[in-house]
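Each structure below is given as structure tokens.
Next come two complexes, and both contain subunit A; in the first it sits with subunit B, in the second with subunit C.
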Partner chain A sequence: MSTIAGTAPRGQTRRRIRVDGWRWAGRIFLVFMLLYTALPMIWMLITSIKSGFAAMQFPPQWWPDEPTLASYQKLLDPQNSVGQDFLRFFWNSLFVSTVTTILSVIVAVPAAYAFSRFRFPGRNFLFFAVLLRNMFPAVIFLVPLFILMRMLGLVNTHGSLILTYLTFGLPLAIWLLKGFYDNIPVQLEQAARIDGATRFQAFILIVMPLSTPGIIATAIYSFIGAWNEYIYAYTFLSKNEQLTLPVGIQRFFSENTTDFPGLMAASFMMSVPVVVLFLVLQRYFVRALTEGAVKH
Partner chain B sequence: MTIVTGKAEARRRLQSGRSGVLWKMWEHRADYAYVLPAIAVMLIVIAYPIYYTIELSFFKTPPGLQLRDKIYVGFDNYTNILTSPVFWKVTWNTMIWTLASTFISFVLGFGSALALHRDFIGRGVLRAILIIPWVISAVAASYIWKWIYHSDFGVIGAVLVGLGLADRPPNFIDNVSTVLPSLIVVNIWREFPFAMIMMMAGLQTVPEQLLSAAKVDGASAWQRFWHVTFPHLSSVSTVTILLLAVANFNSFIIPWIMTGGGPSNASHIWITHIYELAFGRQLWGVASAYSVLLFLILMTLGYFYVRALSGNERKEGSA
Partner chain C sequence: MAHVVLKDLVKTYGGFKAVNDVSLTVNDGEFVALVGPSGCGKTTTLNLVAGLIPITSGDIVIGDRVVNDLDPKDRDIAMVFQNYALYPQKSVYKNLAFPLQMRKLPRDEIDKKVKEAARVLDMTHLLERKPRELSGGQQQRVALGRALVRDPAVFLMDEPLSNLDAKLRVQMRSEIKRFHQDLKATIVYVTHDQLEAVTMADKMAVMNGGLLQQYDSPAQVFAHPVNMFVASFIGSPAMSLIPLEASTANGNTVLTGAEGWSLELSPRNAQKVAGATTRKVVLGARHSTIKLHKSAVAGSVPARAYTVEPTGDVTFVQALLSGAIVNVSVPPNIAIAPDEQIWLEFDQERMHLFDGETEMAFQAN
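== the complex of A and B ==
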């Protein structure tokens, strides 16, 4: 099926000999976008393998005369204080993001399922309330949340971040998952229930396995969102040993303003986990985002 | 007598109406159990803060978060904000920031989606590379670009000097007139992939038959795009633009890390300004009043957002 569908348009394009102006425009445009996207990242990598002295030159060395991994060694060496801090921030980010991800999935799965399947009064209202939450900026919630966290005794704990990320990740998570549940035929569950399964059994045994791609996608979104979050972590945490990566890096480099190779190396390493996660699970990631908005 | 019975009648009707809803809710009581965890968490973390922000916006608060000593001032915070020149400056910046970022991100994203729609060698790789800026942290992106824009050792300045377009490296982010456009470039760098993903998915729903039919009828590539593809994508485009607009309106990290709103408020947008008022100058009351105003603006946007979304659903239902 797919091969036939794939070859048909290709045959058509080959038959057309006349130069297609739109296609060339598209190619040139893509080259431009590739440069715009990739060059900053390439420059980050090149800078990160320079020495501090080599980075501060004008005109810049386009490729470092003496490439060095010193910045990376410094960041990853648990013996020196920079490495100690960096690895701790890394671990904190990993911990907060992982716990947030697991909790998000646990809370979002039943909610999304209900939004997709049941027709209870207030369902639409609730669903739009969920979506509307997405619209409000963190700043609106910062002051009251800060006070709330103080009341709960959670300031300066990772618990405050996990609770906040969980809440703010939920609308998107529910939205994404609902898209997946909408695409699972109800008949499957009905068949299971005719065979004597309870609604819950049908959900666990039939729906859950089928929605695995959706759950994976939701998990990646929660993880990346929590990993990259800055403003709450910046406000709720003040103790150095609890900072997550974005805040930790900012703290560190507001003190060492000239260590650009170190900063670029840190930025690179901060990006590695999410980029790898994204590249490996790209399929689910892209599909999930579009499922909610663009249903087929 | 008649009045009393009229009232009783009305009450009865009201009660029966209400009990109808209640009965329905009771019938569906098990369904709520699925949503309850999500609603409970959101009530604590969302509803309470919104209430608290509104309350605080009517108070003058002494610095230091000793909020018990707040003084009621009515609408003073609001009038102070609306009459201050900084407010209008920041509002203007926010408008430029939101409109430019949204529009250009959408155009670049849509263009990329169109260009990537046809299969060619390396399409998957190219698509993945174009999405990466959206995945990496905005903090990392801010630092990368801050280094690129650096006034002495920045690579853009060096290129401009090397090409003979400038005598000395221009100062992009310490300059009142260039700072906002420079930050918008960074923001677009991070945002356009989102538009690209959405529009790519949208393009897949355009029926091939319609396009080939139009081709048979002799429509040019542009005509096919304008009369078939584009109308088909109108609802996806609306949702994408609204989501982008909301995200841009709510931006914080890029201006905060790269400039902190400076120089002389030239890159302050609403959110960074509110943050500075609250956590920098500890003017909680004023910051809350700002937040309430922001809220109202977002509710307006939200109205259109919901309408666009429910429009989608309606279309789907009829299809």
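== the complex of A and C ==
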């Protein structure tokens, strides 16, 4: 060590400068990416507290002269028609997303466990089939699914959306969760069964708590997918009182082209549940995505 | 405590017989080691006894009940796993309490038993820790505690020491042995380490290829291996097995080596070989029963030193004889050079003779 430091001080300094150069390039790039992703959201927030007139001004007011929460009040006021619509869309989205999430967890947990633990005929084929759905763009299934929903009499119901979102969300949910269960040693369940638990109790008491991060990640994933989905909601639903937020906001946009603050306030409130969910539970999400990457 | 009986136990996977017609009896309070190389069916056998996998055919009796179709929880057994299988989300206390909670014992009784087990295993100060905060030896002890807290009829142990470092393994080995003596527990213990089996067990069941090869006390298995597999598996360094040719001339039976030398058998050994249907005989000898000479003496055979391994206490010489490697131990003050000509003298009383075709030991009539 000392000889290296003694004989090659110049080389060492030069190397350190080079490393720092790369590091600075990386930092600048990251700052740029941060601005690129954060600025639209910040602009959305700033616009939402402007008056309608201020939003149209050019050059723009970087910070509104008279910040106002009027747009929010309008959207959240059940007395006027805009507020009624917005609250209904919000409730519809919440309902569809929550039911999708619950069903997705209820199906994915036992399915993933079975794929992980049991050897049954057709196991590999089924697992591949589960993933197959995700290899195609969602829009490919739009028309076939619409025809199917019409035959089932589900067009213009939230059930059609919930079913469709499950087919999107479940494959990845199962795949994520299987990784979790693969990493839980089977001996834990065996020990529990010898210690007096039934197979089901061993699953509920020992395996489930250990896979909570995976279940939470799965739930977030399903929720966000359902919450943000636009094209199927746009196709399957036509009655105003059933619309979900993405479609509702789009309507809002075409009907009130000039009301930018109102539009931005609606967009902001739509992103709140997702952002809150993600911030609170993100460490589980990251863990779920990296789980199984290395053997412990 | 209870006895365990395996009767014609079979487990097949597809066409593969993992456990092939194994029958043995573990008496009440006995420590039995299932020993064999990996893939020999010993762990499968243990899992069958535990009820973790269903049996294909045969019977398992624990105590006086046939438990073939009982769930693991109803067999009144406890098991210690190779990776300990401690519940990672539970504290040591809750790990120990879990089997009692599952049996719906009252809370104060659980508390009493957990504390008693912790006291016996000297880990009262660890009760509030999580398993990941414990060393390997402590985890091992908790696993043992979780097994004994319930006072089961039978303890099953699946290579419980193989994840420990060498020093700790020796220490835990004597702790488990002590544990067995104190509790008079019936223990079925799986290991691939023949030394563990020999040192700890009352009886050992040597398995290979799903078949039970020999079931007897370690001393008996060591002294009278029934076939060449058992002979070479038990004992360290392994017993040397030398393929030879038997012939009889003038009423004397001699064994002839590949190099052309011959060794006259004692009358007792000659009688063993007399009934053989083949002339191929394998001579088995442990390192301590072979004398090494630097010059020819009566009854010795010529060999060549191959490698010399001084271990401090004793020096092991590997010699080439009739195409086989022969292990001989000599005192450390005897200097042998590789490739040196040496002579080996076998102890006729303690040598083993195997049928070269069937690999079974010749029995004295």
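By our rule, the second predicted complex is superposed on the first by the 267 of 296 C-alpha atoms of A that agree within 3 Å, B and C clash if a C-alpha of one lies under 4 Å from a C-alpha of the other, contacts with A are read in each partner's own complex, and residues count from 1 in each chain.
Everything below uses one rule, namely that a residue touches a chain if its C-beta (ideal position, glycine included) is under 8 Å from a C-beta of that chain, and two chains touch if they have at least 3 such contacts.
Remember, predicted model here, so these are calculated numbers, not experimental data.
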Partner, of subunit C and subunit B, that touches more residues belonging to subunit A: B
Touching partner for A:246 - first (subunit B), second (subunit C), both, neither: first
Partner chain(s) touched by A:95 [first = subunit B, second = subunit C, both, neither]: neither
Partner chain(s) touched by A:188 [first = subunit B, second = subunit C, both, neither]: second
Complex contacts: residues of subunit A adjacent to subunit C: 185, 187-188, 190-198, 201, 206, 209-210
Subunit A-touching residues of subunit C, taken from the complex the two chains share: 50-52, 71-73, 75, 77-79, 81-83, 85, 87-89, 98-99, 102-103, 146, 150
Residues of subunit B touching subunit A in the complex: 21, 24-25, 28, 31-35, 37-39, 41-42, 44-46, 48-50, 52-53, 56, 65, 67, 108, 111-112, 114-116, 118-119, 126, 128-133, 135-140, 143-145, 147-148, 150, 152-153, 155, 158, 161-162, 169, 189, 192, 197-198, 200-202, 204-205, 221-222, 236, 239-240, 246, 249-250, 252-253, 257, 271, 274-275, 278-279, 284, 287-288, 291, 294-295, 298, 301-302, 305-306, 309, 312, 316
Of all residues in subunit A, those that touch subunit B in their complex: 6, 9-10, 13, 20, 22-23, 26-27, 29-30, 33-34, 36-38, 40-41, 43-44, 47, 55-60, 107-108, 110-111, 113-115, 118-122, 126, 128-145, 147-148, 163-164, 166-168, 170, 174, 224, 227-228, 230-231, 235, 245-246, 249-250, 253, 260, 263-264, 267-268, 270-271, 274-275, 278-279, 282, 286, 289-290, 293-296
